[in-house]
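Handing you this structure, nothing more for now.
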Amino acid sequence: MLRGIIRGNIVSTRKQEALIGSKFMEVELMKNGELTGDYLIAVDSVGAGIGETVLITTGSSARLALYNANAPCDAVIVGIVD
Amino acid sequence: MLRGIIRGNIVSTRKQEALIGSKFMEVELMKNGELTGDYLIAVDSVGAGIGETVLITTGSSARLALYNANAPCDAVIVGIVD
Amino acid sequence: MLRGIIRGNIVSTRKQEALIGSKFMEVELMKNGELTGDYLIAVDSVGAGIGETVLITTGSSARLALYNANAPCDAVIVGIVD
Amino acid sequence: MLRGIIRGNIVSTRKQEALIGSKFMEVELMKNGELTGDYLIAVDSVGAGIGETVLITTGSSARLALYNANAPCDAVIVGIVD
Amino acid sequence: MLRGIIRGNIVSTRKQEALIGSKFMEVELMKNGELTGDYLIAVDSVGAGIGETVLITTGSSARLALYNANAPCDAVIVGIVD
């Protein structure tokens, strides 16, 4: 998994039907607790907000965290770091 | 997911049968809203055009966005950013 | 697989239900026996501790090492290097 | 997907049974139409030859392009760019 | 797939049960026939030894090369280059 801080959200009105209702967050990745300047976009599954440090699962495993496991999604926020 | 701007399309007459009808777009990737100079090729699933900012899903999850979920495709445009 | 040294653990109280009980370890990756300064977060499946050198499996294969193969997890510690 | 130019072929007599008959091509990757100096090895599925510009699908989706969908292969040439 | 030269083997006594009997090899990757200084660890499936040039399949496709397709493994040596 990856760790990062949520920096913003992305709005997409015209999208795949299976993604309707998904909250897209842009996350700045960290390594060893320091920011890297790299970013990815993940769907939130735990009610995380901007500024929170989160855990992200990528790849096909990510879909297992979603209500709709057939959504075409490759990165999901699966936890908020204490 | 990744975000980027569609820069062009790629034409391939001789291709896998399951990809016939697919629209291949070359997308310049962004991070935190800035262009990176990195590119990938994704199949469009939402009617996106050159110059539009889009969301891309990669890996096996990408296929879930296609009409033919058995197409040998690893990147799909799943949304247009507002 | 990747090799690395466990540097710390990550605590996440609010997380996906399928990840409850998972021990998240931050691992510094190695190549050819030397540290790289790159990090990832993996769930432990073999009782490894901080300072130990471990093998990590990533992607969908990682889940096969977990008790709950449907956990949204993309990296698991699968062995401790002698 | 990725785009690249086929630079050569790789011969492997001793290999996994499910890969017998596969044509392994070494491909130099491009981005935005320019060569990158990065390479990967892909199995051909469309009759492509050295010097041709091709589209490559990677990951588990790649196998869907092969006659034997259980072949342990992670990159397949799925189209020839016009 | 990737090409590389086997540089050594990794011994792990305490590991996932499904990996018992697996031979873990550390492989230095090549591109276009030249060494890169990058490494990964792959399970051997073709009887390859140190110093041999090999083909490696990664991701979920890798498991298809193993006797136990449920082993939590993400990289397998699938051929020896002539």
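As written, the chain order gives the labels A, B, C, D and E, with residue 1 at the start of each chain.
Simple rule for what comes next: contacts are C-beta pairs under 8 Å (C-beta built on N, C-alpha and C of every residue); 3 or more make two chains touch, one makes a residue touch a chain.
In this text, all values refer to a predicted model and were calculated from it rather than measured experimentally.
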### Query
So how far apart, in whole Å, are chain B and chain C when each is placed at the average of its C-alpha atoms?
31
### Query
What is the distance, in whole Å, between the centres of chain A and chain C, each centre taken as the mean of its C-alpha atoms?
19
### Message
Where in chain B do residues touch at least two different other chains?
### Response
59-60, 62-63
### Query
What graph shape do the protein chains here make by touch: line, ring, star, complete or other?
ring
### Direction chain C, origin chain A - full chain order round the ring
A, C, E, D, B
### Message
Show me the residue ranges of chain C that touch chain A in the complex, using the header's touch definition.
### Response
7, 10-16, 18-19, 24, 26, 28, 37-43, 59-60, 62-63, 70-75
### Message
Per the contact definition, I'd like the list of chain D residues that touch chain B in the complex.
### Response
1-3, 31-32, 45-47, 55, 57-65, 76, 78-82
